[in-house]
Amino acid sequence: MLLHLSTWPEVENYLQQSQGIIFPIGSTEQHGPTGLIGTDAICAEAISRGVGEATQAMVAPTINIGMALHHTGFPGTISLRPSILIQVVRDYITCLAKAGFTKFYFINGHGGNIATLKAAFSETYAHLEDLQIANSQKVQCQIANWFMCGSVYKLAKELYGDQEGSHATPSEVAVTQYVYPEAIKKAYLSPEVASGHRIYGAADFRERYPDGRMGSNPALATPEHGKQFYDLAVEELSKGYLEFVNQG
Amino acid sequence: MLLHLSTWPEVENYLQQSQGIIFPIGSTEQHGPTGLIGTDAICAEAISRGVGEATQAMVAPTINIGMALHHTGFPGTISLRPSILIQVVRDYITCLAKAGFTKFYFINGHGGNIATLKAAFSETYAHLEDLQIANSQKVQCQIANWFMCGSVYKLAKELYGDQEGSHATPSEVAVTQYVYPEAIKKAYLSPEVASGHRIYGAADFRERYPDGRMGSNPALATPEHGKQFYDLAVEELSKGYLEFVNQG
Amino acid sequence: MLLHLSTWPEVENYLQQSQGIIFPIGSTEQHGPTGLIGTDAICAEAISRGVGEATQAMVAPTINIGMALHHTGFPGTISLRPSILIQVVRDYITCLAKAGFTKFYFINGHGGNIATLKAAFSETYAHLEDLQIANSQKVQCQIANWFMCGSVYKLAKELYGDQEGSHATPSEVAVTQYVYPEAIKKAYLSPEVASGHRIYGAADFRERYPDGRMGSNPALATPEHGKQFYDLAVEELSKGYLEFVNQG
Amino acid sequence: MLLHLSTWPEVENYLQQSQGIIFPIGSTEQHGPTGLIGTDAICAEAISRGVGEATQAMVAPTINIGMALHHTGFPGTISLRPSILIQVVRDYITCLAKAGFTKFYFINGHGGNIATLKAAFSETYAHLEDLQIANSQKVQCQIANWFMCGSVYKLAKELYGDQEGSHATPSEVAVTQYVYPEAIKKAYLSPEVASGHRIYGAADFRERYPDGRMGSNPALATPEHGKQFYDLAVEELSKGYLEFVNQG
Amino acid sequence: MLLHLSTWPEVENYLQQSQGIIFPIGSTEQHGPTGLIGTDAICAEAISRGVGEATQAMVAPTINIGMALHHTGFPGTISLRPSILIQVVRDYITCLAKAGFTKFYFINGHGGNIATLKAAFSETYAHLEDLQIANSQKVQCQIANWFMCGSVYKLAKELYGDQEGSHATPSEVAVTQYVYPEAIKKAYLSPEVASGHRIYGAADFRERYPDGRMGSNPALATPEHGKQFYDLAVEELSKGYLEFVNQG
Amino acid sequence: MLLHLSTWPEVENYLQQSQGIIFPIGSTEQHGPTGLIGTDAICAEAISRGVGEATQAMVAPTINIGMALHHTGFPGTISLRPSILIQVVRDYITCLAKAGFTKFYFINGHGGNIATLKAAFSETYAHLEDLQIANSQKVQCQIANWFMCGSVYKLAKELYGDQEGSHATPSEVAVTQYVYPEAIKKAYLSPEVASGHRIYGAADFRERYPDGRMGSNPALATPEHGKQFYDLAVEELSKGYLEFVNQG
């Protein structure tokens, strides 16, 4: 059930049965010479909708821009400052918590969002307690990173080994190929790819990772792989979501 | 050209030819008993992509949550505080302005966003001047409200007269029916609909507008109307965009 | 009744009879070679006091600095960032709402304030609901732009036609001449005046509007005109205020 | 020279000769049963204009609302939060510093503003250095509290002794009587007046100081006293201003 | 009783008997060629612990970084912006006020903190009232500057006369020598020392006070003096604390 | 080399040889019935100083209050909101980066700080790039959690097995016993200890973990264990620090 394709009375009905909601969160950032700038949002959205269908859960609009300051040296990247993303998440949750939602499940497509999201959850719990709204004590948020699902991780290692890398990975590119086969990009990929550097500021990042990839070979990706990853992630996260909403 | 389906080198190439970008901005808010919660974002996104195709313009990811605090009395509505939306817009524009974009065209689907967007533009111009980035003086932002296009407005009056109303209007519902025919909702709509009250806070709004509509009869909407509105808006805003990017 | 010339017991008494208050809001910004930097605040204050006398309404101290970032390329202009003006307005209203005021009527002298004021109202309504103070649901804010009064607009067109322009207009200059006849300025005004450019950042504005005027010929202003504008505005806004405070 | 009654070319000329500007800052807060709510702003404004005339200094619009949170238990009081007043002052100074002003002299009428103003100056110096604007190192701000002038203090002690008190004092009330003789208020003043309590929150303040006075007997004030205080303050602060602008 | 060496059940017990807590607050800033960068925090912490022992008061962890923006031209200085220090203090007090503490006694070692601390208290009182927590009206904060104790001041004048100066003073250096005899520094101190300049921005400060001292001769300090100052401050502030917690 | 026991010329000298600095960061939060409220700060500070001695690194004052909102249901806990801790860290790093430091090594004693610290680093890198200070591109921050050192983790498992738990652990309590043997606390510890619950808001946390422990048995701690942990952490983190400062 997609929130943006629902009416408010449908949401009211839904809340009679469930107080859970899924938030896809991605990023709009460079993903190397062939990866789509929307990769993280595309993956998070597709998998979230799959989980929504599998579990009858409400799925909120995708947060398509996240915390990607370190990628802003490449054109096309858009990022929020962490302090602003915290306030955005606080506002989203607060609106929905006032309406009765208590279980917020963020299906995340971007490693760079994790820290800020966790900080946002802490900030939001305290804010809701200060507001003294009904059920504020019941509000729970959880991050589920689809790319860290055990089954996904295992398949990526099997298919790509070390060439999976850690950014602009063949696994995430594969999912975007499955979702948007019409947008499969071809470009020369140097066989030598930078890897192993820690992430600091944007200028430093671009210097260390000149084409944007981090140790990955996205040329290995296929739409068929993408479907496999998608199916595994949906299955694993559907279980995860149900455990989350059913726990006390 | 959709930013999220592009690669960073494609963006780099695009910037050689154009510094313009279109931002669809909508809202996630109640639209009466039959209107989709995502109506404003759906319309803005569809029309923006139409304009993007017609003009070869880059289209950024949709800002699907805007300033809808007055609708938060209805479940499913999500809103940013204006002060946060200002910072969000500032961050988006700043990232892209650093990369070389200078013409930001916001195709807007929600009247409630207008004031905050304008405030955000002022805040952003000053911020960019403070940053002293190249081209900061060339950065220009413009709001184009598709529902205020002359041709759209005229058709709405012809088709619906006074029943167009001002929120959950048949014209916007029609566009969503055209875009998502599978999500056409039916529900009882009282022939008596509140209208004429000014907008203040959320609790007041829900009291004055108990089913969320403001003077509108969305039952008049059809997908065919929606296509007409879509075509008109795309045509008019394509001209508007080209004038904007081509002006000094 | 002027708030700054009242005592707190007088305010307490006033609140027994009315919960309305008028806020003059202007700006401190360049108004061309002959317009006073305080033009917008002077007009808003004078007209507000006229309305206050006509309606027995409480008039708050003038907000004499508003949102004029685009004029900051000219010396003497002072502006708040929109995000700060929002907080200022929120603080003003919150203090008075806690004391029992519920109807806030902003008589505005500067077009550049409108967007930020509207954003501020939205932010404030939500803040007051969060505070759960008594009467928070009854708080209502309204902007009344004296220069957009129908009668004012009509007279300006009659007197000045196209030479009214849109900034440093003869109508607003005339009001300042009526209020401060001792401060009537004379200076050379080029017969050629820039007009028709949209407003973006401050450096761009000064380049496009080198002497600060936007299509206006303030040399046409006279103190007698000023009195006419003043009288019309006071009459029209007094009606507006009474409708506002008497509505539900 | 009053900024709001000047044109921008006049400001440009002024800057050729002086980079100093006077900011009157007051408050809008209860001043006991007979003191005007605008007392602090009225005094600061009148004295600032006197100093401006005596020294040919530019005088900015009055900051008529300051930091008076502890008085908000009384109706009619309006206060900014300190964190917002800091940003307001930062914006004011930044606009003017970019235009070439470097010497900011705040003539202050309210003890409660002092701490926040000093904090604002520190914040602003650092902000200007970060902006790297020309002359940022030359920017200097100073607070001059008219009620702490040696000559004023001495006269108050002579005229009123202990009945001067520390809020709603006869000396400040006298100045307002001199400036606004038409607004002299009469009301019963209990001979017993609270004094000696420290200032904490607003509810606590109202409990400890039930009529708003702090140890004062404003019934002793006369307009003639007011003129004496005014003259002393103008003389002493004119010297202070000139020393300030002439120092390195 | 040191908070950081207590357990939460011990704090719970303490609150049965007292709602007072002492916050040492210092700074991390240059103190001339021989003064420790931690001088202000060291003094505040040592004296606070002495007061805590003498009065059985709870002592919170030291706020070791304060408002020292004007010293940031010297390496090793760390400062918060005033607007951030206000929020820090607000958070500290809010957490403890929710737990039942109502009397917050800040033993301060740095003049530059005073204004921001006072602003923070005002901001916090209003915040607590908005939160409507139990006892919010009882919350009281007080600053006690050890270096302004009458007995301390008197001894400093006796021992050092004018060579006490106002920054990197022999009295504060002496206290650090008493606390950390192993960290007594020797370096050439010019007999000529800058003094008498007001404090503005950081670059200006370093230019006017090239070695960081303000009129002081810290070479006069001895650990024995330090003990004397320590004893006097502890005695005087212990009385001050007890008066504070015992007042209504 | 401890920053607070250094002079500014010593810092200037240090910067000739190294641009690295260690920041101990802990928390002030409940650690169960017998754990010290300052546990996390105590451990981080002691180990940081050990690393500083071993590597000749500069050690900054301890950040003794961190992100512990979920513990605020227990008296004595003090926490910053994440959004404020981000600004605090930004200010600290910015001051030192302007002075020439580029390598910031945060030795952390509290898991709850990690997310916010990472967010703060991202925010800070972008801020420094905006400031365009020299060396901004070279600034690097790293978190080193002493309790996650391989050697520490291994020993904890050997000594305590499952009774290590995840909060108020015997390993961290042991380190505090080693550092402050005089503050070893004894209290009844229920053999049944809550564990396995995720962390959400403060009220929820206290309900799920009624005595504050998370699956731990701190009664197993001894000062001798503490020394072992300390030694292992210092050794491992000294290597970590040197690698960090020596990398490009």
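First chain written, first letter: the chains are A, B, C, D, E and F, and each begins at residue 1.
Here is the rule we use: contacts are C-beta pairs under 8 Å (C-beta built on N, C-alpha and C of every residue); 3 or more make two chains touch, one makes a residue touch a chain.
Worth saying up front: this structure is predicted, and the values here are computed from it rather than measured.
Engineer: Please give the intersection of the contact partners of subunit E with those of subunit F.
Structural biologist: none
Engineer: I need the rotation angle between the copies subunit A and subunit D from a CA superposition, between 0 and 180°, in steps of 5.
Structural biologist: Best-fit rotation on C-alpha atoms: 180 degrees.
Engineer: Could you tell me the distance, in whole angstrom, between the mean C-alpha positions of subunit B and subunit E?
Structural biologist: 53
Engineer: In angstrom, rounded to a whole number, how far apart do the mean CA points of subunit A and subunit E lie?
Structural biologist: 46
Engineer: Rounded to a whole Å, what is the gap between the Cα centroids of subunit C and subunit D?
Structural biologist: Using C-alpha averages as centres, the distance is 24 Å.
Engineer: Would you kindly tell me how far, in whole Å, the mean C-alpha position of subunit C lies from that of subunit B?
Structural biologist: 29
Engineer: Which residues of subunit A are in contact with two or more other chains?
Structural biologist: Residues 72, 81, 87, 132 of subunit A touch two or more partner chains.
Engineer: Is the chain-to-chain touch network here best called a line, a ring, a star, complete, or other?
Structural biologist: Ring.
Engineer: With touching defined as stated, please give the ring order of all chains, subunit D first and subunit E second.
Structural biologist: From subunit D, continuing first to subunit E, the chains appear as D, E, F, A, B, C.
Engineer: Could you list, by residue number, the parts of subunit D that touch subunit E in their complex?
Structural biologist: Result: residues 67, 69-70, 72, 81-83, 86-87, 112, 114-123, 125-126, 128-129, 136-142, 198, 200-204, 207 of subunit D touch subunit E.
Engineer: Note which residues of subunit E are touching subunit F in the complex, please.
Structural biologist: Interface residues on subunit E, with respect to subunit F: 2-12, 15, 28, 30-38, 41-42, 60-62, 64-65, 72, 74-81, 84, 87-88, 91-92, 95-96, 98-100, 180, 183, 185, 187, 212.
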